[in-house]
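The two complexes that follow have chain A in common; it is paired with chain B in the first and with chain C in the second.
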Partner chain A sequence: MTGTGEQVMFWILGPLAVVGSLGLVFAKKAVHAALGMAMTMIILGVFYLAQEADFLGVIQIFVYTGAVMMLFLFVVMLVGVDSSDSLVETLTGQRWATAVLAIGLGGILGAQVGKATVGQSVGLAAVNAQTGNVSGVAQLIFGRYVWVFEATSALLITAALGAMVLAHRERLGRGPDQKEWSKRRFQEGKHLAGLPAPGVYARHNAVDTPALLPDGTPSELSVSRVLTARDQNLSPSTYTDGEREIERDVREGSER
Partner chain B sequence: MSTIAALPGLVSLVAEGTDNPRADFSDTPLWLSLVKALIIFVYLLVSTLLVIWFERRVIGRMQQRPGPNRNGPFGLLQTLADGMKSMLKEDVRPKAADAFVFTLAPLITATMCFVSFSIMPLAGEVSMFGHTTPFQLTDTPIAVLLVLAVAGVGIYGVVLAGWSSGSPYPLMGGLRASAQMISYEIAMGLSLVAVFLYAGSMSTSQIVSAQSGLWFVVPAFFSFFVYVITMVGETNRLPFDLAEGEGELTGGFHTEYGSMRFAMFFLGEYINMFTVAALATTMFLGGWQAPPGIAAINDGMFNEGWWGLLWFTAKLWMFMFVFVWLRGSLPRVRYDQFMRFGWKFLIPATLAWVVLVAFFRAGQNGWLGGTVDVAGRSFPVVSLALVGIIAALALAGGWMWDARVERREARLHPHVPDEIDPYAGGHPVPPMPGQRLREPSLTAPALTSRPDTEEATRG
Partner chain C sequence: MPAVFQAVTVDYVAVAPMLIVVAGALVGVLVEAFAPRARRHGIEVVLTLAVLLAALVVLAVWSRDHLAVTVGGALSVDGVALFLQGTLLVLSILSVLVMAERFGGVGSDAFTPMGASTPGSGQEDAATRAGYATSEVFPLTLFAVFGMMIFVSANDLITMFVGLEVLSLPLYVMTGLSRRRRLLSQEAALKYFLLGAFSSAFFLFGSALLYGFAGSSDLKAIAQAISSSAGGLDGLLLPGVVLTLIGLLFKIGAVPFHSWTPDAYQGAPTPVTGFMAACTKLAAFGAILRLAYVGVAGNRWDWQIGVVAIAILTMVVGAVLSVTQTDVKRLLAYSSIAHAGFILVGVLAFSKAAIGGVMFYLLAYGATTIAAFAIVTMVRQDGSEASHLSQWAGLGRRHPVVAGSFAFLLLAFAGIPLTSGFTAKFATFAPAVASGTAGIVMVVVGVLASAVTAFVYVRLIVLMYFTEPVDGVVALPASIGSKLAIGVGLAVTLLAGVAPTYALQLAGNASQFLL
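Right after this comes the complex of A and B.
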């Protein structure tokens, strides 16, 4: 019963949706994976629109792509600058267990979905013309399925509150103050005067330039971990070279 | 269980048939739709060229300088020259940038901004190449939601631009932009709900025709107020252009962009301004319908055909002027204050407003009791009761506020006596402003100071 236009659209967008979902699994960068997922969600919304479920399609794009995926992206962009994936298995044999469980779940789902019988599709054209698309959805949500709908929303609100309560950690005791930090440093016997500050030179000081140790080597501890992970630190040699030049000029001048 | 049975009956009370668009596209062949799409595209591009010139000229006037006036008459071709310049500039991509996403981001922004205009009714029924067709590309039962959804996808352009540039300032700008636009889109969507309740539909043509009697700016005035604020926040314009705040972020998400890629962001920003202004026009100011006085002339002569385009454009440019006016007069808001305003005032206040409007509408539909006749017009009891309650609450709130202000004033400015004895406390005290000194008397206790103080000072 599908028209030519719908078929053409499906065979263009369908593979794209598959590409997007494969991108979610195989992309190396987390942002690329999130983008692939966003594309798949938009295409799903377009499919709903093509099936005359206007409200559902637009809400799919509005809520999932516009809000949920955006929050994902928000987190993904902030995390992952510094973190490097550990390739060590913390739970022994978890890969095999995961594979077995995944195949089992797939098998159960496949068997159940395969058993389902699909009746003759009715389509939404008649309902859209008579009741209207939005009113039709409203009648189902606030009419026949009102208790299911309310129970689901109560569940979602509970889940959101639970996530907030669990993620928000109250501090149990008092945090260590400056005095206690210094005592701890002396007990450990390391960095007694605190971590070294980043490089300060005659004509330059910056957070991205490491300080030089007495033997002339740059100190890793003096620069931010994040900048090191991003490879954005500068070498102090440009400043030290300039300094040496000036010293040589001064020396030559005094010898003259 | 009886409630379940009663609910479908309640739903069917809604007037049927307002869901679907009023616009009739039966006499519109496919090629005509393509022609209309092209017309809208050109309309938007020309408007963008004009509005950039307009903005610079008007801001110039506000700052007592002429603005661009060299290229073409009145400097009208300045934007064209700028566009040519950015096309011919060298295309630079930072080494740390993510090549694919860096190019994708401006493309998303520049394409998404055009989509929303497809559902804007620029005029009523017009005759075009021998066909009678509504002057809008398409209309659906969820047309207004489509605008919000497309805006949501458009945000990706800004966020991805910030991330893919590979440097901290754009990243911060991108994060700010996403947080800001999502928060303000919630308030924007909520403010539009009141309009949906009044129109009984989300289709733009239905909303415009529902305003033939009274523009929704009057009954939904609070929604209009909230919408105008959120539309400035949504388009990243001053005073809410925190995503590109030059003072703190050197340009925000587009710091690393130049040449044509930057021009695409620029284009997107201005067309987004037109989109939100067109939505405001359609939702609150009667869309393409003529203003009240003019609409009455000669049996609504000015309300038909191509005249609609004139009124629509005029209303659109009124909003453009407001945008420019705001930019010319207000400083940038601090980010945390801006977010607090959005989440803690706009969203809860709009929610309360939507509930209120829902009660009014239910009263008008006669679901909540009868009506009362006052001065020849009948009003629903619920509406009158609600108005009474709100008036009483406002009165009580105002009274309490006044009392609080008075108390604070009294605390800040305690009563100062006219005369002061400088030695009253045993120690000489200078007078407060406006106070007179009382002549010290010989019997005053202050001059004979206590022995222990003497001891202390001597020691």
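Right after this comes the complex of A and C.
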């Protein structure tokens, strides 16, 4: 029988879990979506704990929220938080069609499943007392499902192999080393001292802000080509303007 | 106080073929890591073929006497499973022979030298010149075969799900590794992956509902729960069955879950397309047979009519859309959709004869389709595959043997007598006719759909023989491996058409599920 405390907890956390999963679907930014999913995962873990499945609950939080979702966030951040997909729909009206079909499917499933009458819930207390929570899971994994458990390793190896095949780019041939680079610079007679470093300002330094040349123009050479291509460079004017204001304040102060 | 752990008994002889295949895959991964680059292709091909052959021999000699429900009921190595596993091994040997085709190059001709290089980039050229090759496809193939073998013998929804994933994941990767038209290939891989993940979710959702209904994921327990149901939980049963079936019907490419099929078949490297069309289909039908016959046959009056509608729709859509195709690979993809419908007709007959017929169909169709795709890899214009239909014009005048073989395979697809297509359709449709009105309706639709597809195939044959040849289209001389694969495919197609008795008896004797 579900206790009052558990019921209160469910009715608070349940809607939050739904909000989190809706956020996963509808959030515009990938990081927000990932955070929404992390919240749902944590809440599910809490539910497992509340239902006396201690091991499962802890593993859910450790593995899903701790490991998987954090990896996910890392990937999102490495790929670039700004890179959002174009929201132009190539199939006209597919959103509405999807919504109608999804609600229809949900309605049919809900109506069917809702007809089921579940008997009195037994709970895990008896099993936990007798077999133990962790060893109960172990009995299943290394007993009846040992074949499946071992077969999962094939899945992991496939995933690793597939990731290598699809993403590992081997370097072909030897790239020039530092000595050769410097020789080449002198032969070409350009940038003898290397390329200029990115902007360093009084209150700020950043790789994404171009350095200023003596005449005050920003030097595109000082920032990474990748950032330029992605249009992620900042304009130095924000910092130079601030600096000029400070200078003006100083001047006004000294004249006073 | 925890109960003493009791290990389940494993009948190692019964599962030996699967263990051999997965061990071979692991050795293949090690070969990728340690063997010198220049020799990897050769080592992988020999290793893969040896492993598959060894598994087949073990299965045919020893495992057949060890029919058992083993590993605590998670696997059921019965006649059906063994026949399908054996067929799977034979078909995958043929597929690997085609995948290994080099046409004089360093690595497999069908696969990109470096999957990570940008299509059309200088790095891709450099990788080609440096003699790189994606020989990882061979261990991936073995992993896929392992998953398929689990899939056809899974006696538990969880086993079935893991088998489904183990077989799908390598295929997603392999689909994206085509050497030519790589953007198309990568797009196909992504589509296949996303839709495959979507369908896996359906399967999992359905399994969860069935577990809720029966209190167990074991197919036998589900069958018992259906027959002894008190009625309270009945609401979970039908959605569970429908959602699980959707997951499986996706894998065979039944309409309306077929939308990935033409794109994935067209984009994938052609030998992989053959492998998918033959082996994935076989594995998925194996799972459908087991789920439908062993697990949820008890309430089939509730869901059968829906699957009948899907079978009819699959046959009609597959046949009609194949008429409009202009690409050989897409044409064969739609033809495979239509064939999935024909096989479903057999599945829905619910009799022992139907199991044998379906298994015979899978064998015959698999052999024919691998040989057909092997021939598609040979026909080239300017170095790339001449997959547009107009490029096949007049092929019969320049390459009578290649075109003749292809024409024969097309006739088998159409179901002309004296080919395996006819006997297979007969073996599948006869039990359906005996099963009742729905069966008869489906068979009538099936015969009409066959007539439509026959028109498509005959049109292609006419194109190959009675039109002027296109300049520059050649059939490359195949290596001994490809010739062997095509030869075996043709031989099976002919023998199963002329003298089907042996194979039919073998399938018939094996058509018994163990409970």
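Observations
Convention: the second predicted complex is superposed on the first by the 130 of 256 C-alpha atoms of A that agree within 3 Å, B and C clash if a C-alpha of one lies under 4 Å from a C-alpha of the other, contacts with A are read in each partner's own complex, and residues count from 1 in each chain.
In the analysis below, a contact is a pair of C-beta atoms (placed from the backbone, for glycine too) under 8 Å apart; a residue touches a chain by one contact, two chains touch by 3 or more.
It should be emphasised that the depicted structure is a prediction, and the values quoted were computed from it without experimental measurement.
Of the two partner chains placed by superposition, chain B and chain C are both touched by A:Gly132. By the touch criterion stated above, A:Leu35 is placed in contact with chain B alone, chain C being left untouched.
When the two complexes are overlaid on their common chain A, residue A:Phe72 makes contact with neither chain B nor chain C. Once the two complexes are laid over each other on the shared chain, residue contacts for A:Phe62 go to chain B alone; chain C is not touched.
Contacts of A:Trp147 after superposition on the shared chain: both chain B and chain C are touched. Once the two complexes are laid over each other on the shared chain, residue contacts for A:Asp54 go to chain B alone; chain C is not touched.
Looking at the shared chain after the overlay, A:Phe10 reaches neither chain B nor chain C.
Across the two superposed structures, the residue set of chain A contacted by chain B and also by chain C is 130-132, 135, 138-139, 142-144, 146-147. Against chain C, the residues of chain A that register as touching in their complex are 108-109, 112-119, 130-132, 135, 138-139, 142-148, 151-152, 154-155, 157-159, 161-162, 164-170, 172-173. Looking at the complex, you find that chain A touches chain B at residues 29, 31-32, 35, 38, 42, 45, 54-55, 58-59, 61-62, 65-67, 70-71, 73-74, 77-78, 128-135, 138-139, 142-144, 146-147. Of all residues in chain B, only 4, 7-8, 11-12, 14, 16-20, 98, 101, 140-142, 145-146, 148-149, 151-153, 155-156, 159-160, 162-164, 171, 174-175, 178-179, 182, 185, 201-202 touch chain A in the complex they form.
Partner chain A is touched in their complex by these residues of chain C: 1-3, 5-8, 10, 15, 22, 25-26, 29, 32, 71-75, 114-117, 123, 126-127, 130, 132, 134, 136, 139-140, 143, 146-147, 150, 156, 158-159, 162-163, 165-166, 169-170, 172-173, 176-177, 209, 212-213, 232-236, 238-239.
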